[in-house]
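The following blocks contain the structures, represented as structure tokens.
What follows is a pair of complexes built around subunit A, which joins subunit B in one and subunit C in the other.
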Partner chain A sequence: MPHTKRRRLVTTAVAVSLGATALAACGSEDGSKAESGPVSLTYWTWTPGMDKVVDLWNKGPGKKDQITVTVKKQASGDTLVTKILTAHKAKKAPDLVQAEYQALPTLVSNDALADISGEVGDVKDKFAEGVWQQTTLGTDAVYAVPQDIGPMMFYYREDLFKQYGLKVPTTWEQFAETARRLKKKAPDKDLTTFSANDSGLFAGLAQQAGAKWWTTSGDKWKVGIDDAATQKVARFWGGLVKEGVVDNQPMYTPSWNKALNTGKQIAWVSAVWAPGTLNTAAPDTKGKWAMAPLPQWSLDQDVTGSWGGSSTAVTTDSAHKEAAAKFATWLNTDHDALNALAKEGGIYPASTSAQLSGAFSNPPAYFSNQADFYTRAAGIAKTTAPSAWGPNVNVAYTSFKDAFGAAAKNKSDFAAALKTMQDDTVADMKKQGFEVSQ
Partner chain B sequence: MSSSTSRRSYGVKGAPYGFLLPATILFALFFALPIGYAVWLSFRKVHVSGLGLGPGARQEVWAGLENYTGAFRDSELLDGALRVLGYGCVVVPVMLGLALLFALMLDSDRVRLAPFTRLAIFLPYAIPGVVAALLWGFLYLPDVSPFYFVLDRLGLPQPDLLDGGPLYLALSNIAVWGGTGFNMIVIYTSLRSIPAEVYEAAKLDGATPLQIALRIKIPMVAPSLVLTFFFSIIATLQVFNEPTTLKPLTNSVNTTWSPLMKVYQDAFGRNDIYSAAAEATLIAVVTLLLSFGFLRAANRRNKQEAAG
Partner chain C sequence: MSTLAVRKAAPAAGTTPGTAQGPPLRRRIALIPTVTLLLGAIYTLLPVAWVVIASTKSGHELFSTFTFLPGTGFADNLKDLDAYRDGVYWTWMGNSALYAGLGALLSTAVSAFSGYALATYRFKGRETMFNVLLAGVLMPPVILAIPQYLLLAKADLTDSYLSVLLPQILSPYGVYLARIYAAAAVPADVVEAGRMDGASEWRIFTRIALPMMIPGMVTVFLFQFVAIWNNFLLPYIMLSDDERFPLTLGLYTLLEQGANTPALYTLVITGAFLAVLPLIALFLVIQRFWSLDLLSGAVKS
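Right after this comes the complex of A and B.
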């Protein structure tokens, strides 16, 4: 989740001690095979307010089935993946974990996630196909239940677009034209920035363009980071940065907040969770923003990428897979649970039926000017392109940050940076012993 | 008493070992064992079979020196070491120079408000490195920094402190700001322990305060200077907090800016604890060589001076 990303500023700087991991890894291992009698489960998650949602379970369906879930609050994203893998080495991973979609292959490859296809039943129909496919990794197994998704959208300052006579771009070509026109009219302003500190954004943009970064054939992996679709995206943004019509400074910094809050940057390519981030970054511009679908590569297309989103998975260390899968299903498909998740945790549900009900009947407070915000969001979510994650997304993401960070800074060739990203990823896979086809 | 001589001598023989036992156990458990384990890990690696999905696809196997040759061949580790060298060339002389200067000034007869000044110079050391780096990071960002606001108002040029050469100065500044106070206290304490007779004798011989500082005080605190230099080399080689904290604020600091950041990234970003263990071992060896090499050189000089 993006609003927790800025917190990484502090958390990454604090040394991770293995001792703390061991302390937190008090999984329940009472060894009882039969699913009768009281069961207690541990759940690692970073979603704010999850304890309140779990309370609903513990007082309702959980009480009936004698399944008690305890929430252990964790740091978000990659940090948690590392922690799960470390705990799993000691066979002490918790019963349930939250995991971003792109982390699932890494976790499965380390044998940390259990196949729950037999336990979750027919939940598949509750989710869009592209979302569900990420939890199966294209196999017959099911490794997680989708929780939230992050379909990408275009956010812009409605008032400033009017003031500068700009039209909302529907294609990327128009997007570039809009950036140029703004630069001409107001040289000290930028349409947006190309930020190299969140690889998820670039991955989502590539996904929209049709990129498939990891695919398999037989026993071999194929890495397509440097494919034609991604090259197109890289060249597009590299060109804009070089031209100087978009900024090249990273997101989530105090400078970035100020640029959004004062109207120095007047648009942001983001995802459905943007209202929460904008609320903290640019509180003074509340009600002045509007949301539109992401610009397209060609006019006859209607497709978006996804940035963020996570799932609930059961670990192989859990002694109560059935009970854990039952909770994971309830949490992500039950009407009351999803409503509470939206209210307490601010998540956008993966479950299609929840996207238009309850908490999502009204627009977010920050976008009170756009009454149909969530109706449009649900429509856009349907157009999400399928994604293709591999077992070392973390390596590709780090390589992106370093290579594109340097390229953005020097306003140099983005295609070369993309090549670096591809080479780093393939080299790491080969080093680990994966079979990689050229 | 005399009748039990033989028994006592037996007891005395075993006593040293008995007294050594707690220390030996602690040493083995909390020093030798973890280091030994890290070295063991550095000779291992993971092997994946097939697509690497599902149980049993990942196995830990013997790697030999593969992780070490990999670390030597990895240009990023060497680049990181060079970056840290550049950083150290700014930090160590400036920090120790300032520490010595402040210590001498505080030790002079004419100083006023000495306790307050001493505390004020020392105080930044009490601020955690991460907080210090965050604090300076905000001051370096043009859009939120009051310095840039003032520079802007005065129509002066506004350098980008988070890029290129100035980045080294910006990072060094954080270390100097935080470390000068500590080193000053070490030098100052040893200045205070110089007997007053030495100064009296010097004054009687007609030495000026400046001459006393240069010819008496500095040579007499040389051992503390060596010590602070030794500490500073180690701290420089281990730089991690400052660049890691500034990393999200700028494109110029990458995830492997310093060797320790590379170790962290390999262990927790790439989940390759084996390479990380090899790199950590290398860094430890280099740190040992550099710091003890320096100590030996300093000792040899001292002996030569004593002999000459």
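Right after this comes the complex of A and C.
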């Protein structure tokens, strides 16, 4: 909560100072210069161990091309987007930034990211189409190179499922049935929780159901947060919470960790990066979990959503866009770079060729009982539904936390919360000057 | 007359032996305030106790053992924190000490000068200036962070030590406090006497007024030190190089490692625990200056 509050203050402060921006904006020179001689680039990233990966570049291909990259480690999240935009208003954004996919439209609509289609166009084939599409925003331009992805999966306690005679659900209907059966057999336990703190999870679930939250037609945006697919997801989880068969407490809190570690919650709808989180949250249950594809809305479907994932983008403030794009390409497609990223940063690569090699030929230590973990993960990653992000995802996410937070706590109507989220998002877009069609 | 004013204004000056001892009846009534204060103390100290105890737990014990049961991992936590990115934590600690120490010192100096001037001299626009300052007290520093960033960006000072130090040197609250304190603690008669004896204004300020203002200035220093030590938004916007980060920002990067990387809870908790130690030490050391009541008897009324 303090985090959210702080973010809002930042946003407000940005809004307040927009007037001052006009002053700061003048006196900047045009960014493009001839590429000759040594170049040094700065890179804002939150990936742990990125400095070691960049060292490989500085000592290898970077040395040859006289392009030196300096890592400036940042905290991740919406606040970083605000920080990049603030720096951009002063024309002082770094050359390269790490950005989550859902932040790209925000950054692009503020003219912070450069179109690097001329430099990176030929690496398109290294990524799944749904992933690449997120960096183009459906245009001919390319605003980033995909780095990591977070295809969603279903995690469950294998031993406890057996103990309570539960079957791994393949549809959401079965999922609800499983939650009810568990509640009957062990009233003090929950299958999982609906976390109103994690907007990304809800967005991923809606994405799986086929929701398209932001779409454009011509110059107009259409916001579809309150569409039929998302309503279905909201009703489903709202029903489970109201029934009392899943918990309503947020994730990533000490008590959530405890619930996982002690087996009070026995499943988790998460993404490919879950092993790392489980290792911290539930160290005592190592080797007792298993991974399965996300339950489907109908039996003939095979799709998943995504939760998390990020890309490397070049800013419009960079004086060396070509060099920066070269580095971004190397970082996310080179075999050695991706290996180092997996080892040092623990990321799951967006590049399809890297998903089964090197660090991903063996299962994560936490899932040593599931030898084909990464083979299955790569298969699931291919089924990721396309996503549709818009220029104010942060506003929608904040509204989600407020509206769904209250609804989950009071076990009240999720449909009303969804309506609030839609209205807040549309109102904010209109305020920002976007044309929104009803 | 003026002695009384000093007594009232100096925070610890009231605890003279005469007033502390009341009749027995009065002491019994004091039970309610005592209980209230005790409850308040528990309310504020419980989270601190949590941090202290949690910092002794290993990652394994953190969420699995009883909350207030000390763990066994303190030494390992310290070692991990020390090893994290080649000991960058200590760089953050040093940065915080620099920002807070130097920043608070400069801020106290500016507050003392301006507070004394506002209290002692009569000049045109004095009240207007003071009212503007009062408005500044009401303005949350958060609002100013981004304009300050944009201004410093024009001067090419962002991402430097100066970018965090400069905006924190002028503290409207410090000036306000210094004026109130100077007005109460430095009697006009003493200043006048100094002038009669032929001392320069500078000498009167440094040799006579400043020593009398010390308890108040210590308060300003402490307030400003704690404010800078705990400040988040200004350094967050100003700095991008994590070698220049203060503790608040450094610990934040440990928490927000990306959606797919778990927060380094044990490191953050141990780091937060170590981060409050200098503040506690500072309070213990500086506390005695508060009771300093120098020269309070200089003027006989």
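The rule we apply is simple: the second predicted complex is superposed on the first by the 405 of 438 C-alpha atoms of A that agree within 3 Å, B and C clash if a C-alpha of one lies under 4 Å from a C-alpha of the other, contacts with A are read in each partner's own complex, and residues count from 1 in each chain.
Quick note on the criterion: a contact is a pair of C-beta atoms (placed from the backbone, for glycine too) under 8 Å apart; a residue touches a chain by one contact, two chains touch by 3 or more.
From a predicted model like this one, the values you see are computed outputs, not experimental measurements.
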*Kindly classify A:Ala75 by the partners it touches after superposition: subunit B alone (first), subunit C alone (second), both, or neither?*
second
*Counting only touches as set out at the top, which of subunit B and subunit C does A:Lys258 meet: first, second, both, neither?*
both
*asked:* Looking at A:Asp372, would you say it contacts subunit B, subunit C, both, or neither? Reply first, second, both or neither.
replied: neither
*Regarding the shared-chain residue A:Trp307, is it in contact with subunit B (first), subunit C (second), both, or neither?*
second
*Just subunit B (first), just subunit C (second), both, or neither: which does A:Glu243 touch?*
neither
*Can A:Asp125 be said to touch subunit B (first), subunit C (second), both, or neither?*
neither
*Do subunit B and subunit C touch any of the same residues on subunit A, and if so, which?*
6, 9-10, 13-14, 16, 79, 252, 254, 258
*Okay, in this complex, where on subunit A does subunit B touch?*
6, 8-10, 12-14, 16, 78-79, 81-82, 85, 105-106, 108-111, 137, 139, 141, 196-197, 216, 219-221, 248-250, 252-255, 258-259, 316, 391-392, 394-395, 398, 401-402, 405-406, 408-409, 428, 431-435
*asked:* List the residues on subunit B that touch subunit A in their complex, please.
replied: 46-58, 70, 130, 133-134, 138, 141-144, 163, 241, 244-245, 247-252, 254-256, 265, 268-272
*List of subunit C residues in touch with subunit A within their complex*: 59-60, 62-64, 85, 142-143, 145-147, 149-151, 153-154, 158, 232-233, 236-237, 240-242, 249, 252-253, 255-263, 265
*Of all residues in subunit A, which touch subunit C in the complex?*
6, 9-10, 13-14, 16-17, 20-21, 23-24, 27, 42, 44, 46-48, 51, 72-77, 79, 83, 86-87, 89-92, 94, 100, 148, 150, 200, 252, 254, 257-258, 261-262, 271-273, 276-277, 279-281, 283-284, 307-310, 345-348
